[in-house]
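Shared chain: chain A. Partners: chain B in the first complex, chain C in the second.
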Partner chain A sequence: MGWGLIRLYAIAVYAFMFLPVAVVVLLSFNANQFGSFPMTGLSLRWFEALWNNDAVMRAFRTSLVLGLMTAVISTTLGVLASLALVRYDVPGKNLITTALIAPILVPEVVLAVALLLFLNWLGIGKSFALLLAGHVIFTLPFVILVVQARLVSIRRDVEEAALSLGASPVQTFFSVTLPLLMPAVAAGALFAFTISFDDITGTLFWKPGGVETVPTQIFSMLRNSISPEINALGTVMILLTVGLPLLGAAIARSLSTKRGR
Partner chain B sequence: MAAVTLSNIVKRFGTFTAVQKMSLDIPEGSFCTLLGPSGCGKTTTLRMVAGLLDPTEGDISINGRRVNDIPIHKRNLGIVFQNYALFPHRTVAQNVGFGLKYRPVDRAEAQRRVMQALELVQLPHLADRYPSELSGGQQQRIALARAVVVEPDVLLLDEPLSALDANLREDMRVELKNIQKRLGVTSIFVTHDQSEALAMSDQIIVMSEGRVEQVGPPEEVYNTPASEFVARFLGAANILEARVTDRQGDELALDVPGFARVVIPRARAPKLGDASAAKLVIRAEKLKLMPADSRDDTAIMIPAQVEAVDYQGQAARYFLRVGDHALQAINMIDVAPFAAGDSVILRLLPRDCAALPVT
Partner chain C sequence: MSIERREARQPWILLSPALGAVALLLFVPLLFIVVYSFWLRSATGADTTGFHLDNWIKALSDPFYRYILLNTLKIAAITTVLCALLGYPAAYFIARSKGNKMILLLLLMLPFWISYIIRTMSWINILGASGAVNTGLMALGVISEPLQMLYNEAAVILGLVHFLLPFMVLNVYVSLEGIDTNLEDAATSLGATRWQSFLQVTLPLSLPGLAAGGLLCFVLGAGTYITPLVLGGPRDAMFANLVFEAIITQLNWPLGSALSLLLLMVLGVLVAIYNRYLGMAQLAKGLG
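Our next item is the complex of A and B:
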């Protein structure tokens, strides 16, 4: 009887979480001209409308470029920072780690306002570079956490073996450390991309006028009317932010089983 | 010529001194073992030779060249680690061939040398496997192949056998020694296991608390320990307070009150000098237990009581009492071991004893 109740409760929680999502996905295929029930038939017309909506497509491209650049920069910085923190004796290690992880702990609004005020104080206006910098700061902790955890588990003597065999420190990094770190690097990059692609709070503060990302575009579309296009856009977002990490995990798994690890 | 020379090496970690004023010559082509209890500075010493640690003071030379300022990847070494340290993302052949990529060796030659190295360790059929698909013993052999394929000036081995189980360890130690001999590569081996050191080494360097206690071939270190520490560390030894009662020619008479008077060759007491007090060292294997009515005029015979017996299969360790002295003996078991409470005779040959100065 206890278990039955727990099961019921679990189902209710999942329904609460996923039903709205399911509704959005379902309605995005609705042929009806209003974005609501009843469904009058299946159609891709709202996806087509999206495709032909210049503002949405521009926002999509912005988000994609922003996400990719954030992923690349954040992952590079995150790997370098993790290496320094794990492999070398940096003075003030704990302080630096805390500072790098802090953006996760600080509420996003506070972080967003702080960065904006700071740049105002420096006399630097809003720009795409600022937006990118904000996203990097915000995603860096995730990359560092993932990469550091993996780096700690890579035995130092494997790198020492490479060095002893004649590989320079840089060659050792690229031929031994990085390949072993790859699953974490890929996971970190995916994290950074999805978080950036998904972000709205910081983006609203940081984006220069006239630039929209997909989330801010949805936000402004919602202020005018509830168009069924938004359902379609939501579906695309879900596909990307859920599908990409799943794909990444699947690739990582197939790579590691091939090596018999 | 010495292949590796350490002169006055000191290594400090903060205020802690891990290696103190160490000087050593490792002869070309020899198999030298750093032996000592855990924490005595063996790994630290080896890592300084490797270039993984910088000495605080002193110089290290390899083949006559001072290497203090030469980074590890330019020292042309082979290192075998305790936990194998194979590259998990590379096949066995890629692991073994790794060092050749950084040397002027063309592909065909590299392939030939990899196969040769794999044949040396008798695992050519595993070339395409990944390390995780190998047993511990196989992994360590691959690690050895990877280290020797580059024809290193010095091969460094840090407790390479201690992660293996007991039976395999003994097989591997014979095999490792054979391979070293065949290649003639100068090797520095680190272990805390005295039987490993005795079985494999040309020279043993016994270390304690960052210092060299004694350097010598296995028989010498075993039979003529230079200090009480060495005597106790290499197997069980009885150490008794003695007085020097006479010195004549090559012989030395020692009296252990309540035990025996022993005349030993002076060569067995090289450190004693003119002192009148000494410590008599008798290895536990050299005290032979005999039935209480035994007689032998060529040896010293001492009546004793068996207090306890530790049965070890083909041998037994006896805890004995002679007057005030508590002694240990390890004897092979002939028919049946003596039992606790038995009265026995201890048979001792003077040439099996050694003497140390009192410190």
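Our next item is the complex of A and C:
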């Protein structure tokens, strides 16, 4: 098989991945009343409709708050655990790592059911607290994987130098380790936020009646028919979930090149 | 002595919040639904505790459930094979490209960041009655009535392939990157054609990545219920849809527990087989 053929094949795969998404973005600017083909012109009316749609705006706020809280909690737990796993000789390290990664090895539906039934039995029914607990537990493995990979590359001697110069372990952590770890912390937090913001599988099990996140809002709007408003909402989501990590990566990159000089 | 003891305690202090969360929010709940699956649903509200096998008998012997389980495994298998066929050459192209690999990889990973529900519903714009394909074909005069391409099993598989392909590409790419290209050159210089050296050197060495990608595609594909709800018809339910129905619609939590555990066990066997032969390290490589 020639290289040219492989390249052609790869381009086709890229097109397969991107075209449907591109069509969502394209149709969100559609002036046509029904939001379908053929397009009759370009317009921002569907974005305006979105802005004035209370249910959508409420869902946005819910997703935002949930995502931020998930990111903070998940990243805190993940950084602490990664520090222990990378910096200390913990007995049973492999077993512990597997246990911490377990939430992504269990199918999300099963995790969703187990958490719902157990917390309900403890007296915590479908609520924001349940949603938050669920989002934290399945974003945690991703944070740990990202932070651990980064932590391995930070040299131990910098910390030891600080310690030998009289800094306490806590001081060392905050003035030496944490600044070096910042890109990993940011990446972990961003990862957790995006996964939480996108989740629907668990969220549909955990959300209380009347509360919607952006994905569940889209899902319930789909029940009627596909409207141009959904495409507009999709475009906003794409900008958020793709633009934010790209921005984050760009910032991290400029920070690390500055420090490198 | 006391410093040493403190040193030994420190990692556990750091680990305890995360381990506590996983224990309280995953392991204990899983044990809890094992117990719950032996309870009975009662119409009055509180489920009847005790040790009843009814849910398990229903979950294991109901022909409809068995049909859906087999159908789910079939859909997941077809999806995995398609992901491998589409993803392997693409990953090979990225790994052996002389251009900017990182950009190529990032481009293919971008859809990975785009919300699952949006990528799933985007196919309605393509395949729907007034979607891109039908509008195009009608404008060309090829067809006079829109074709019914949505709400069937093929649409579900298409949606799943679109969702899972990045997992396959990333895993295959990671393993291809780890192969010393000198090995291929050595094979060709010893008289093998490029195709032969690929089949006998590169492909076998990249199998761990292919297996890791395949496992992820299969497990994630078999555990989905959103794709069938959005792109499938009423007869295209997958096993996770049964779980959703039992828990959310019928509020039959004991039966829902048994069905969830059945799904966990079926997929768990696959993960265990994978772990036995290839280990979890390969999977972590692809995820990180």
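In the analysis below, the second predicted complex is superposed on the first by the 253 of 261 C-alpha atoms of A that agree within 3 Å, B and C clash if a C-alpha of one lies under 4 Å from a C-alpha of the other, contacts with A are read in each partner's own complex, and residues count from 1 in each chain.
In this text, a contact is a pair of C-beta atoms (placed from the backbone, for glycine too) under 8 Å apart; a residue touches a chain by one contact, two chains touch by 3 or more.
Everything numeric here is computed off the predicted structure, so don't read it as measured data.
Student: For the three-chain model obtained by superposing on chain A, do chain B and chain C clash or fit?
Tutor: By the criteria stated at the top, chain C and chain B fit after superposition, with no clash.
Student: Based on the superposed arrangement, let me know which partner A:V170 touches: chain B (first), chain C (second), both, or neither?
Tutor: A:V170 sits against neither chain B nor chain C.
Student: With the two complexes superposed on chain A, say which partner A:L180 touches: chain B (first), chain C (second), both, or neither.
Tutor: Only chain B is touched by A:L180; chain C is not.
Student: See if chain A has more residues touched by chain B or by chain C, and give me that chain.
Tutor: Between chain B and chain C, the winner on chain A residue contacts is C.
Student: Contact-wise, after the overlay, does A:V158 reach chain B, chain C, both or neither (first, second, both, neither)?
Tutor: After superposing on A, A:V158 lies in contact with chain B but is clear of chain C.
Student: Centred on chain A, what angle do chain B and chain C make, from Cα centres, as a multiple of 10°?
Tutor: Spelled out: centre of chain A as vertex, angle of 100 degrees.
Student: Contacts for A:L115 in the overlay, against chain B (first) and chain C (second): which applies, first, second, both or neither?
Tutor: A:L115 sits against chain C, while chain B stays out of touch.
Student: Minimum C-alpha distance between chain B and chain C after superposition, to be given in whole Å.
Tutor: Superposed on chain A, the two chains' closest C-alpha atoms are separated by 6 Å.
Student: Can you give me the overlap between the chain B contact set and the chain C contact set on chain A?
Tutor: Residues 169 of chain A touch both chain B and chain C.
Student: In the complex, go through chain C and note every residue touching chain A.
Tutor: Within the complex, chain C touches chain A at residues 7, 10-12, 14-15, 17-19, 21-22, 25-30, 32-33, 36, 86-87, 89-90, 92-94, 107-108, 110-111, 113-119, 121-126, 128, 130-132, 135-136, 139, 162, 165-166, 195, 219-220, 222-226, 229-230, 240, 243-244, 247-248, 253, 256-257, 260-261, 263-264, 267, 271, 280, 284, 287-288.
Student: Using the touch definition up top, name the residues of chain B that touch chain A in the complex.
Tutor: It is residues 50, 52, 71-79, 81, 83, 85-89, 98-99, 101-103, 130, 132-133, 143, 146-147, 150, 156 of chain B that touch chain A.
Student: Spell out the residues on chain A that touch chain B in their complex, using ranges where they run on.
Tutor: Residues in contact with chain B: 155, 157-158, 160-169, 171-172, 175-176, 179-180, 259-261.
Student: If you look only at chain A, which of its residues touch chain C in the complex?
Tutor: 1, 6-7, 9-10, 13-14, 16-21, 23-24, 27, 34, 36-38, 76-78, 80-81, 83-85, 87-88, 90, 96, 98-111, 113-119, 121, 133-134, 136-137, 140, 142, 144-146, 148-149, 169, 194, 197-198, 200-201, 204-205, 214-215, 218-219, 222, 226, 230-231, 234, 237-238, 241-242, 245
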